[in-house]
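One structure is given below, encoded as structure tokens.
Chain naming follows the written order as A, B and C, and within any one chain the residues start at number 1.
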Amino acid sequence: MGDLHAASTAALGLILAADPAVMGIVGLSLQVSLTAVLLAALVGLPLGALLAVTRFPGRQSVIVALNALMGLPPVVAGLLIYLLLSRSGPLGPLGLLFTPSAMVIAQAVLIAPILAALTRETLSGLWEEYAEQLRSFGAGPLRAVPTLLWDGRFALLTVLLAGFGRASAEVGAVMIVGGNIEGFTRVMTTAIALETSKGDLPLALALGLVLMGIVLAVNVLAQVLRSAASRWAG
Amino acid sequence: MRAPDTILPLCVEALRFAAGGVEILHGVSFTLEAGPPTVVIGPNGAGKSVLLRLLHGLLPPGGGAVRWATAPDRSAPRQAMVFQRPVLLRRSVMANVAYPLALAGIGPRERARRAEEALDLVGLSALADRPARRLSGGEQQRLALARAAALGPEVLFLDEPCASLDPSATRAVEEIVAALARRGTKIVMTTHDIGQARRLAGDVIFLHRGRVVERAPAARFFVAPETPEAAAFLQGELVW
Amino acid sequence: MVTLRRGLLAMVPAMAARAASAQERTITVASTTSTEQSGLFGHILPLFTRETGIVVRVVALGTGQALDVGRRGDADVVFVHDREAEERFVAEGFGGPRHHVMYNDFVLIGPAADPARIAGLRNITEAMRRIAEARARFVSRGDRSGTHAAELRLWQLAGVDPTQGRGQWNREVGQGMGPTLNAAAAQGAYVLADRGTWLSFRNRQDLRILAEGDERLFNQYGVMVVSAARHPHVKAAEARRFVEWLTSPTGQTAIAGYRVKGEQLFFPNADRPEPARPS
């Protein structure tokens, strides 16, 4: 109980003091995770929409594979990307290992299947409603993809938030490919892991509270946007 | 004024359709010409909605043929359809009307002109910027009509457009349909509402248990039906 | 006009500096959790950067992993503490030559209750033997780190086969020093730790140092530049500069100057033969 109290006091202190090191870590966390969500969305959203509207042999297997990839352990994803990006790996010449870019890639790989699977689920209902009307307009499944993505935009915001939550909470993969380098690739989660291993549990917990606060703030913001917008659109 | 490359007449030959092993249409044949509205009437379950979807190409025939005067790639863009429950995009009223115009490859300026004209026709100009799905049921169906009308179709299919509307909204929709018919659009409409059929029909196709039982000009059909089934239906005795 | 031109002129070096810093003046050092977590790098690296303009990025891992990172060419310098493994690394041609930098020492930590009765022992092998005999709980790194290697060496010297007790009194956690100390604190177990990590470790519960001072507990650190012949992208010049600085009087003084709670953690010995080691 004393530890928890100390942690929340420390968390408050970290925020109020706006310590540049902590702010840098927070900033990098947001930058990496938001970029990863953006990248993953570029692939995951159209893929999910395509799976919602098309019927082809093997579609079911793709869906099962996506659902399985949602459970991909971050450490495994991290290791794979580590081996790819390592100087001795196929993408070694890019020199991306132990950089924020590597962390973005790792998080994007982790959440792209989540975004695709959730997008498919979200848009299948909409497609059921729209399919006949769109066919009457002469729009095939491919043309329906952008329409569904746009018309499902408010629901998809929730999908993006789920991706952001997973990305920003992830530690295993970014630890491996980022290296937790102070001032360069240290993000909230790896900082928490570091403070935990130093045995400074209150500080680790305080950083955790700050992280939760950030994720909460992003969610609240998105929710406010969403409800305002969907009140408009019905 | 008719486009020179008319897609009519439409010849329907021995059209069959089954779903889930149940035969819904048992060989339906008729011809549709340009002219006043053709109303497909019949009790619930007669196969009216399925027939309309087959004609519009939303369902593949199980047998027989739906033959337009031109090839399918020319005939499809000259048709439009409005459903019993309007499917409105989660966008503004104006954007809903503009959407199929954009799909048809019509440029922004012409798109705006046609959309405004169509909204004016259905009396929704004042609501152009409102979200479509916030409209009342009657307004939504009028918007669906405007969206179809903006495409300038030669043939417009209407599947029970007033089934879920109150009387005043029904009247508004009927007026729009009559206006479109006067402008030369061939209306093909299903309804189970005999009063509505009387008000709008030029000729009638009476569909019963998946067969065309009677085909007649409206003036004669409602006064002197030739078949006992039609007579029973008009007297309100044939519900199924 | 004049001010404008002066402003523009002032921007040029600033931009050039930024471009340069974005370019090449960084090196990646694969090192151990003990050096990073003890705070040593936080103390000495800013001094090095101020002097040379080279920014050092430290990836802190176990010694075995750090050497692997060097083998794959993912770091420019390896700075670790397991002499045998380091010499193998050099012999295999992955880098070198190896330089002594400093040493610190291990301490044997345990619960205040001290069920194996080792408190105050100076003879480390005797202490280890008593733990095994009492079958008192011992938490092992189990992660191929330098500390793990030291553990195993000490067990061998004590004539104990720790694999006999694996999963029972001897628990391998396969983690870094900090998590291992956390595990020991939670279980009231014995654990071998480097003094630096122990001093800066906060979650001690009732753990304390029970045995220390045996020279067989000395822990030598070595540093090597990764072979540019094998990995051409290695920033050899900057990496060599770092190694030179570490072993120079300036670097050695900086290392000696790092203290936690008044205690010196690392003892520079680049210019001296390393302390006697068991072999």
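Keep in mind that, in the parts below, contacts are C-beta pairs under 8 Å (C-beta built on N, C-alpha and C of every residue); 3 or more make two chains touch, one makes a residue touch a chain.
Bear in mind that the values here come from a model prediction, so they are computed numbers and not experimental data.
Taking the CA centroid of subunit B as reference, the farthest chain centroid is that of C.
Comparing per-chain C-alpha centres with the mean over every protein C-alpha atom, the closest match is chain A.
Separating the CA-averaged centres of subunit B and subunit C is a span of 80 Å.
Once the centre of each chain is set as its mean CA position, subunit A and subunit C turn out to be 34 Å apart.
Averaging Cα coordinates per chain places subunit A and subunit B 47 Å apart. Looking at the complex, you find that subunit B touches subunit A at residues 53, 56, 58, 76-77, 80-81, 83, 87, 89-91, 99-100, 103-104, 131-134. Interface residues of subunit C, counted against subunit A in their complex, comprise 28, 33, 37, 41-42, 57-60, 71-74, 175-179, 181-182, 185, 197, 200-204, 231, 233.
Taken in their complex, subunit A has these residues touching subunit B: 129-130, 132-133, 135-139, 143, 147, 150-152, 154, 232-234.
Within the complex formed with subunit C, the subunit A residues making contact are 86-89, 92-93, 95, 97-98, 179-182, 184-185, 194, 196-201.
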